[in-house]
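Consider the two complexes below, in which chain A is the common component and chain B and chain C are the respective partners.
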Partner chain A sequence: MDDAGYRAWIGLPLAAIVAPAHAADYMTPEQAAALFFPQADTQVPLLLKLSKEQRNAIKALSGVRQRDKTQSVWRAEAGGELLGWTVVDDVIGKHEYITYAAAISPGGRVLGIEILSYRETHGGEIRQASWREHFVGKTLQNPFKLDVDIPNISGATLSCRNVTDGVKRLLALQRVALSP
Partner chain B sequence: MNYIRRMQPLLGTFVEVGVAEGPAAGSSIDSAFAAVAEVHRLMSYQDPDSDLSRLNRGDGRPVPLRKLTVNVLRLARALMQASGGRFNCTVGGALERLGALPTPAAAARLDHGDADDIVIVDSCRVRLRRPVHITLDGIAKGFAVDRAVAALAARGANSGWVNAGGDLRVFGSVALPLSLREPGGFRTVGRLANRAAATSVTSGRPQPGFPGRIVSTTGTGVSRGSWTVLARHAWRADALTKVAALLPDAQRAASIRRLGGTLLEAGSTAQ
Partner chain C sequence: MRLVANPIRSCLPWIAALLGMVAAATATADENLFGYVKGAETLPEGSRELYQWLTWRTGKGAGHYQALDARTEFEYGVTDRLSVSADLKLQSIDSAGLVIDGYLPGDVDYGLRLQGVEGSVKYNFLSPARDDFGLSTYVSLVYGRLDPHSGQDKDTYSVEAQLLAQKYFLEGQLVWVANVGTEMTHATRAPIPNLPPGFDWTTDPEIEWEWSLGTGASYRFVPNWYVALEAFYQTEFETVVGQERWSVFAGPSVHYGTRRWWATLTWVPQIAGGGEQYAGQTETDLHLIEKTEQEFRFKFGVNFD
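Moving on to the complex of A and B:
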């Protein structure tokens, strides 16, 4: 088969089907914290304040800039023992504004991710990648580049990439500012 | 009736699951996300440990696979035959050469093959007749949606939906309004009940940062446009959008119907 036999066109599997709306609120941070750590008897909300040094350290560890000087965190405990944290974060894509929560274990592993709210900022096309590794079990030790260990068959969307970067940054934040 | 909805980033997109409120809603949604994640793990092109990657480097020998993977390959093979090769999941080599898929340790020696290259040895073993690479991109996202719906039903959910970035299936008593994104905004085309819908959009030029492609192996071109197909199962709707992009205009609707889908044409409605 010669190359000319392929008329290679781009195929964009879009989020062209929208049901029922293109903005949705899924859960509150408290609901996400309870979902991630059902065995917790205490969920302590913290507004984590990050110094300039801490923010620089997060950037150095993750390669992603920590823009916000504060981050909302829920500390889950059972019988006084730390179970992990729920960290709430926003990603602003080209077309979306997404708030999500990530659960991180004391050892720095991603235990789960839930989208809290999803908003399209304007009506442009959202391009969807076909595949991407899910994040559960990822640690900072895993190379967290999209095209390295997060499969990127059809090219990640900006928002997918932003969530990837966001999770990577939160793992660094855990190490810098939350490690016991 | 109230519905509980959750969304997680999976399959390179945002997967939404909705079920009718009830005591088992939370655990049924957990099992639906787990089903999607399982399909991803088994059928990822990039993960060298996935069933798919092991098959692709099997060197013609029978490769032991999970039954789920064999099922998808069986469906894909049947649709390749039924569609006269317009659906073709043996194009991994071509997509590697185009840079649309990463090349594993060893590149595929053939750009593509045909249905006969997928030899189903038994319910848990498959071998490749020639050195092609299989990619399940065109079918597995829909298949994952079907698995998620089955997981919801197995946990007693009697009504709900799963939407994986536009591969959507609705079951039970809920009827979801279906809107299609078109240039200039959204167009409501009806309500979707007890069916699946999928859309692929093809444009004529490569998009920076989005190397996903549909390649033709039958000598016909890929038509530009937005292709939405309804079917009972999401895997079929998903796969038939690729077939629609490769069919000549005059045959498109009738051929999709013959293959078990309904093409949603411009100006038409879902029901």
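Moving on to the complex of A and C:
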């Protein structure tokens, strides 16, 4: 093979390495927290550190592994009264992490979810309110199963599955680490 | 060792065209995490995907042998469970200094030529993400006009069926797949003038029956990047000689995927093989008549929603 041929073959993987991944960031955690709790006069950011026992308890309650040892949380208050928490989480998508936020009431009920970053090929519908509203009101007693109580999105089944499992895991986290 | 310059150089315009298509694509492709084994997922309804495969096969333990296969595939999602695809296959072969009675009648050297066409359907029974365990079937019809081994004219009509299993672990960070398949081929060689004296080159129609097993695991070590190991066993039976060959190939892959496109590079050396051998073959633990010592495959995909 001549030099031009070698350069072409070497250039392809280099092109892959240097090509920038396209990120789609839709909202910051602070914006999500304000959206979830518009009546709040205080949003207190916390970095929740989870012990091994707590992570094991979260898995036992939700059936989903708690990968991270820390979790970013915003505590929403109004007049000194706890309104709930905004928990920011990353789950695995097909290519990259999907970042989302879930609002959870003091009683352990989902108040809403927002997709903060989504970078996958298919499944942009995951950001639509019509899909996200299926989580509202859910507790740990719900199945959190695709095509049972959460609809699947074609071409983005893994993303839907991991967000669905993730929200259930955050409910378990709320019970283990945030309940008074 | 002499290297094939013309077939590889002839692919460069294709690669440039594909890179141009990436720039124009509005969305990205699904992922082939492996070079040889297949996953169980299908395209969503209405999605279209274009693949380009380049496979370089090299080494028969004697003489000089190199082949480059170029395959262009278009896949369309008919429903969320059913996708169909059409393939155009080209091949180039450069073989010299190796004559194998009954198989390789002599030197051959040509650039990319139309090898054949293929049409296939893939139907998904179970989704690996929704149902915990994925299962699909893949059926294809293939017409070939050139023998991929000798490069000689050979009309083949094949039907292939595979079962494809897939399982996610670690929330999808680790992907395992397994395939089992069979292919039935009706083959007729064209006569060759001026064969070496006593050379066996049957032109009677033959039936070839191939079975294959494959498995692989792919791990996403950082966002967008996967490394994989895959292995596959193939054996073929044919009318005249019974079990003609078996071989095991195994090797690594590296895969990069984004929203806009993906690429997979795979190297699979033959690690074991048997069946027929040619006179004077020194690597007796490999099958080198219809297979080579090494295969390299580069796959590239882009999706148009």
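Assorted remarks:
Convention: the second predicted complex is superposed on the first by the 130 of 180 C-alpha atoms of A that agree within 3 Å, B and C clash if a C-alpha of one lies under 4 Å from a C-alpha of the other, contacts with A are read in each partner's own complex, and residues count from 1 in each chain.
The rule is short, and it goes like this: a contact is a pair of C-beta atoms (placed from the backbone, for glycine too) under 8 Å apart; a residue touches a chain by one contact, two chains touch by 3 or more.
For clarity, every value in this text was computed on a predicted model and none was experimentally measured.
In the superposition on chain A, A:97 makes contact with chain C only, not with chain B. By the touch criterion defined above, A:26 lies against chain B but remains apart from chain C after alignment on the C-alpha atoms of chain A.
Put simply, more of the residues of chain A are touched by B, taking chain B and chain C as the two choices.
In the superposed model, A:66 makes contact with neither chain B nor chain C. When the two complexes are overlaid on their common chain A, residue A:86 makes contact with neither chain B nor chain C. Once chain A of one complex is fitted onto chain A of the other, the partner contacts of A:115 are limited to chain B, with no touch recorded for chain C. Legend: residue contacts after superposition of the two complexes on their common chain; A:165 is shown touching chain C, with no touch to chain B. Shared contact residues of chain A, touching chain B in one structure and chain C in the other: 1, 5, 8-9, 12-13, 15-17, 19, 22, 147, 152, 154-155, 157-158, 160.
Put simply, chain C touches chain A in their complex at residues 3-5, 8-9, 12, 15, 19, 27-31, 41, 43-45, 47, 80, 127-130, 168, 170-173, 220, 223-224, 256-260, 263, 265, 298, 303, 305.
Note for the complex: chain B touches chain A at residues 5-14, 16, 26, 37, 40, 44-47, 94, 97-98, 100-102, 110-112, 135, 137, 141, 161, 163, 165-168, 170, 176-181, 185-186, 192, 197-207, 209-217, 219, 221-222, 224, 226, 228, 241-242, 245.
Those residues of chain A lying in contact with chain C across their complex are 1-2, 4-5, 8-9, 12-13, 15-17, 19, 21-22, 65, 67, 91-97, 119-122, 146-147, 152, 154-155, 157-158, 160-162, 165. Interface residues of chain A facing chain B in the complex, by the touch rule stated above, are 1, 3, 5-20, 22, 24, 26-27, 35, 98, 100, 113-115, 118, 123, 125, 127-136, 147, 151-160, 163.
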